[in-house]
């Protein structure tokens, strides 16, 4: 079943076209990798889906235009992990993660269910944040901060996860952990993942489909093998990616 | 309101009891101490009789306590609470610890409204409050709309920095118009000068009721947005990602803030630093969570301003200092101290 | 940064307002007679101004004028004019009034923006006064003499004016005696000594008459409260070392804020406890809402103030008692009528 259907998506800032008529779909159980060199418009697509940028074209979730969703309802379906986090004040890890439940009980007089706190604790647990749950987010390392917001996302418990460079600040251990976590999460019913990834090896390892962009335009969209063809990558990155990857790997023998 | 479902993020009833206790203690202190020395027993008996609706003999003590001091202290407390909750909301909403009604240009817009009302003698017949108030509120709203639409034109996402920048520029623009109006006001220049100094002297119960109503309505609306403000304080993108209707919430908060500031400015003039410093101090003690920050700011703001007013009323007896001078003086020192401490704390 | 500026601005604004309001009396705690015009310390700078007076005032007036005029202004500066001044800029409202009173209003080519009496003065071009005095405006008007008071004009401004060949004359009246001195000083400058003397004599006669009538009237001593700013904007009262206070003493009244120096923001509580027999307000009425008198009568908590009970409130709308000008006599007369004749 198709969860997200993006059709003719364009984003312009002034007279500059950042994303140019991009179309793709994400089905249940899929992990779509959005790849491409810097300035390809990868993060802009994420912003458009989260309604954080003006766009033309349509974005449908389960057949309905996302613009017709109320923000809280959309947040229950689509969760987004931003690339960078600049927290203004010294909130605790728990406070940030708890906000993930916002869309599930937005009303001030809404009743608190026991599930609420359990989901928060679970999210903290699987991201390994339980020991620092009362620490101020201002004192966290980049990796801890990233995991805090990932935990918030798990607490939010949407159907589609959109991760903008999820392992940006993470060392190898957590990179592996995060991808394993998301992979595990994806096994649940009616779920899908979209992630913007720079590391082509990681993308190749976990993706089930891919969207390759260059300068805002689609180079290729489809299953992993067809998108990751030598010709596609070379035209997008202007270099022999295959040769480079082999050279990198050859060091480890 | 007492946060049963707040996951322990809000205050419990005991904390509120303590806040109220301190607030009432300060209020009693401020009603008992003043320019004219009135014995405590006299004060107590006058207030007791007034509360129990017994006939009070009209004496100068009665007049001072019931007609001068009590309404003024009430107005001061309510103004302090309103300005502080506004400041806290602005700082959260814009994720900027330097944000305040004045940074947004709402205060100066309101001032311009009031100054125009004075300069052109604008009064609204058959309304219990004077033209300055209506004009101040109207101009606070107007400034807000101008700032928002300008920011919207320049930057679709209404980015935080754009708003503050436009607010600052707008603020300067308003100040220059005020100077211009003052220059052309001719004989009314004196009234305008007095007004811009900010005075809560001469506050009456009507003012207090108006302030209380504004605080009750707009303060409650702000308090009901504690979680949204938390999300904004963490980051506007994050707020949108977790499902906050960012544009609606922002508009709601800005409207509430400008209404509160408009009412405060028209009654007490521009009083600096309360709205800025109080939330800072509170944040140092209770953390940035708006479920605690908003109520604590209003309690502390009320207490702070009452004490500042007490100093203003009594320091140079029989003269009065403008309250803005006291708040700015104490506030600036406190602010520098806190800023220094927090910077050092962050390393 | 912004905050600090705001703070500074506030303090500055406060300081400026204070100086604006009390400026007339800052250096006037010891009353000076016209003979002993020793300059206050803060005015040293101005007395240091070049003594080699400019010799070429821009003029196309006849040259066969009478012998030069030499006057000493109220800062002790010596001013020499070859002939009575025919082009004058007056920055203070009181000097404007004096010029018109002695019949020299036609020499006025520029006025400070606060000059508002008599009505003809509005036909004269207005210039910015105070710290923001617009030098170019003043120089463009080509006056021979600039009349100003000690307040708010800086040393640099004075020097620039003198370099431009404009004689700067300082009037600095702190009391009625000082007012006489200012009138005779301006009279001398304009070659209208006789007119000036007539006005001074007239004022003296009025004051003497009033004082004589008052001393004949031996009742208990009454108190008066001079309200400078209404409650809505924060009460301000005129205290000691003000013209109002001097007139009150002359009329046998005690100012309830005699312990305040100059004008000051006073506590409403103090007004209520000090319970004045009379209230004089100088608030202006602009034709809308309650008049200043009605507004005071309607204040809650003031019901028991004697002046309010007796409706003994006088509204002096036109600065009769706040400026060192001939109209002080009118103001004194109005107050006398109000206190002693009204019943």
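Observations on the structure shown:
We just call them A, B and C in the order they show up, numbering each chain from 1.
The rule is simple: a residue touches a chain if its C-beta (ideal position, glycine included) is under 8 Å from a C-beta of that chain, and two chains touch if they have at least 3 such contacts.
Just so it is clear, the structure is predicted and the values come from calculations on it, not from any experiment.
With respect to subunit C, maximal separation of chain centres occurs for A (centres as means of Cα atoms). The chain pair with more C-beta contacts between its two chains, of B-C and A-B, is B-C. Here the CA centre of subunit A is 75 Å from the CA centre of subunit C. Work out the mean CA point of subunit A and of subunit B, and you get 42 Å between them.
Within the complex formed with subunit B, the residues of subunit C that make contact are 2-4, 6-7, 10-11, 13-14, 17, 20, 113-114, 116, 229, 231-236, 257, 259-260, 264-270, 272-273, 275, 284, 286-289, 300-304.
Looking at the complex, you find that subunit B touches subunit A at residues 4-5, 7, 9, 92, 95-97, 156-157, 224, 227, 230-231, 233-235, 237-238, 240-246, 283, 287-289, 346.
Subunit A contributes residues 50-54, 70-76, 79-82, 85-92, 95-96, 98-100, 102-103, 105-106, 108, 110-112, 116-117, 120, 137-138, 149, 152, 156 to its touches with subunit B in the complex. Touching subunit C in their complex are the following residues of subunit B: 34-36, 58-60, 63-64, 66-69, 98, 102-103, 121, 123, 130, 168, 183, 186-191, 193-197, 199, 201-202, 204, 272-273, 276, 313, 317-322, 324-325, 328-329, 331-332, 335.
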